[in-house]
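After this come two complexes, each holding chain A, first together with chain B and then together with chain C.
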Partner chain A sequence: MVTKPIKGEQRSFMTGNEVIAWAALAAGCEFMYGYPITPQNEIMHYWTRLAPKYERGFLQTEDEISAGFTTIGGVLAGKRVFTATAGPGNVLMQEAMAMAEMMRLPTVVVVTQRGGPSTATVIYSQQELNLTSFGGNGEGLRIVYSPASHDDLFSYTIKAFNSAWKYRFPTFVLGDGYQSKMRAPVTLYDPEERGLTMEPCYPMVGLPGLPGEEREPAHLRNTYNLEEELFAILSDSIKDYESMTPEVVEWEATAIDDAELLIIAHGIVSRAARAAVQVLREEGLKAGLFRPITLRPFPVAELRRLTGQARRLIVVESAYGQLEKMVKTALYGLKIPLRSYLRPGMGITPEEIVQFAKEL
Partner chain B sequence: MGVSLKIALAGEGGQGVQSVAEIISEAAYTAGYQALYIPNFGVEQRGGVSLAFVQISREQIGAPKFMLADVVVALSHRAVDRSRQYVGPETLLIYDESLRDEVRSLYGTEQKQLAIPALVVAQQEMHPRVFNVIILGVLMQVADLLERSHVERALERRLGHKFAQDPSLRELNYRALERGYQMGKGGVAV
Partner chain C sequence: MAIEAQPQMPRVWRAETKPHKFCPGCGHGIILKALGEAIDALNIQQRAVFGCDIGCSLLAWDFFNLDTIQTHHGRTTPVLVGLKRARPELLAICYMGDGGAYAIGAQHLVSSVSRNDPVTIIVANNTQYAMTGGQMAPTTLPGQKTETSPYGRDVELTGRPMLGPELVATIAPSGAYVARGTVANVVQLKNFIQKGLSNQLKGRGISFIEVLSACPTNWHTNAAETWHFIEKEMSKFFPVGELRTPDGEQRQEVEHRGRQP
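Right, the complex of A and B next:
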């Protein structure tokens, strides 16, 4: 095992991109593959600066298609590896991620959402939720975490490696350009000192022994001849995904017990929503917040339960209905009016949410 | 001055707006405040208006951006216009003296404002590159939130490597900072 980069708990003031690089180091990640794109560039910059000191590696590939497939290569070799991308890069990476989904490979990708579609802005959005959750030609059998702070970026980047290797589904940390570029306080720690055991990684190809005689052949397939074959494999994966769901789903509820107005927001927008809830409460409106932390799998049961006594729902997101669609799917059959504050590619302040809620 | 401060800085790319924001937020963090700084930028590598948002508070900071700032600093013609949306009735507008006409035509004389001769002082008495450090001094004097020692420590952390190469730069920067503090003294308390 390579040298430990963090000892004890370290308070620090840094950008989110730097936090992610430190998190990958602390998680014992051995290799990063990547191709530059704003706003995630500094993840690579910090990683390449830090990696040699801790005997970790880096490969800059020719594009994101290659970054995705080399990440798969690292995983097949049994290494704890990751890549990071955004926007158009995330689009290109979907080919490799669909393959990872088919072959059940524990890839880890950090996405720092920027404005879309296409090149759009390098700044910020929440428009890569659909793409990151369902981007492949498949069923979206992925784990997607949505962090909302630097402490989240650190913890969920570490957790992404563990969830990926434990359940063997492609795992994503869905950040955004604001979180990447923001400077804010964070506490860095060594996961083992906090009692977290890193899931072991193991090679899937090039195993010792004669295939077929001394061991089962390593036959990882992304191609099938028969409908029945594919259907059987996918049915198994779907079953695994569904049985994993209760263990993996995470959410956060604020002031929800007597909430009549329930605001639903994820990621950085949930911070504005939380501030808005406080203001609305001070003004006598019983508001609460539900923040899904896992977007895939979505905390369906929890949202349905906690929506119980709410009379109105508001979805707030920096996209045009991507989270709203997930919420509506989760709440199918319930008869609670839902209105959404949708600002594709735009940051959202608490003041806007308060105003929107009061105008309803 | 309350315990929370929202600052929006706007200038031309290369004027050093982001460095000022970084130093302020770092100084606030080391002084024990909650601090959050976020830059705003376009696809271009150079040129364009560079915006920075800084929040300092005793309490946990929520959203990284805000509607209205307590202090807006505008350092170029375009920046006056671009930063307009963050100026509310209570906002103090700090700008370089050379932009007086621009500011007057946009805001009239009602807005709380402070014009400072930073550009001319930097060019004639110091060096154009310390323009932003003068601004830093003005802001810190006006905000009256952080001790000078915290600001200086953050300045050292940001520029220490350059000072090490050329010690005369340290003297120049401290002189610019001091000059900024003095300019700020004539200003309106936030």
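Right, the complex of A and C next:
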């Protein structure tokens, strides 16, 4: 077993990218594969500085296609491994993630969203929600966590490894450039000291015993001849995904009990929204916040229940309706007016949200 | 000369999945026989992981009594490189077509070679994309008719046949093993593959073996025409032999028989 990097609890002040590197170390991640792209780079920078001290490995690949597929190789080898990317790199990563989805491989990818489409900005956005949730030629059978703080970055990066290996769906931590680059206080910890058991990893090839004689060989494929064969495999995966959903979904509700105006936001925007709720409350408006933490699977039942007495909904996001679409799908059939504050690729302040809410 | 006619099955072949899924007269079966014999000879069945690409090589997903990963078109090398980095004790075999190696997977090939990734890559060169119905590939011969070069490959417009082993031999660091074999010489082919696998076992560096292979289905050839095409047409452009051997790190004499400038 690899050396433990963190003992006890450590209060620190660092960037989000550094937090992610420490989280992967603390989770017992043994290998990172990656290709440079801003704003993800420093995850690799910290990892490559720390990894040799704790007997972990790193491979810089030729592109994100390779980063995705080498990550798959590491998973098949039975190791806790990950990669990180953003923007155009996330686009290239999707081919491998489609294979992971088909073959139920527990890949972990940290995405630090930047402006899009195309090269756009290296700064920030929430525009990779569709891509991360539904990229690839499949059904979006993935787990996507949306952290909102440095403590979240730490704990959801650790959790991503556990969910991936427990349920065997490709798992993503959907951060953003602001969280990656911002310095903030955080508490680092060893998961096991907190009573968290790391989900065990196991090899899928290179198994003990002589294949064909002492055991069946592992014959892993993603190609099928018949519609019925594929349908049977996918039906099993969809069933697993649906039965996992109640265990996996996470959300956070703020001031929701008597809320007439419900704001829905994820990630770092949910922090601006929480601040806006407080201001609106001080000004006499009964505002509340629903923050989905898992975007796949989406907390559909919880959102429907908690929208209960709301008379108006506002979706706020740094994208042009990607979260809004998920919310509308979740609330299908409910007749509550919904307006959205959509700022693709732009940061959003509490003041903007307050003003938008008051102008409704 | 169908593979079914050959008497002895390598030990590592999986009898339950034979006869195999390739067309009669296909070169893939012959290459996998040579590979099977090399694995038997080195006694590495326990440690070897076989990766096949998308292309007709995917039909080998249950071919061996080996742990096998069937990957995506052109991506077999990065999958097995990721595996090998995480579990260096395993022996990684990457099997693919010329399209997978030289077109869609070219950046992986070049990068793996320049990193000297300790894997063994075997490429079946059948001068076209077979699985998708016989389109032009980087290896298609000048004037050769395919579904996307129906009047014959026009080298002015589409270039000349890509020389994979020559490219690899030029850029590979020391320790690499590079050769080109042919299904027309199975004894030599087995020897090349065995040397390529030994190179990985010894931890010296990358090994790369291209094999001139047959696709009678898309070539629309009978047995005599198939062998003629491999031995007389392909060999003009693709000289068979060893290009790099780590022993002494010397460039070996390559047969230049009939090679055109």
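Convention: the second predicted complex is superposed on the first by the 355 of 360 C-alpha atoms of A that agree within 3 Å, B and C clash if a C-alpha of one lies under 4 Å from a C-alpha of the other, contacts with A are read in each partner's own complex, and residues count from 1 in each chain.
The criterion applied here is as follows: a contact is a pair of C-beta atoms (placed from the backbone, for glycine too) under 8 Å apart; a residue touches a chain by one contact, two chains touch by 3 or more.
As the structure is a prediction and not an experimental result, all values here were calculated from the model.
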When chain B and chain C are modelled together on chain A, clash or fit: fit
Chain B, chain C and vertex chain A (Cα centres) - angle in steps of 10°: 110
First (chain B), second (chain C), both or neither touched by A:246: neither
First (chain B), second (chain C), both or neither touched by A:223: second
Between chain B and chain C, more extensive residue contact with chain A: C
Partner chain in contact with A:203 - chain B first, chain C second, else both or neither: second
First (chain B), second (chain C), both or neither touched by A:117: neither
Contacts of A:352 with chain B and chain C, given as first, second, both or neither: first
Chain C versus chain B - closest C-alpha approach in the superposed model, Å: 25
Chain A partner contacts - residues on chain C that touch it in the complex: 12, 14, 45-47, 49, 54, 58, 61-62, 64-72, 75, 78-87, 89-90, 107-108, 110-111
Chain A partner contacts - residues on chain B that touch it in the complex: 22, 25-26, 29-30, 34-43, 61-67
Chain A residues within the chain B interface of the complex: 13, 38, 119, 121-123, 178, 181-185, 268-269, 271-272, 274-275, 347-352
Chain C partner contacts - residues on chain A that touch it in the complex: 30-31, 33, 57, 59, 61-63, 65-66, 69-74, 76-79, 81, 95-96, 99, 203, 205-207, 210-213, 217-223
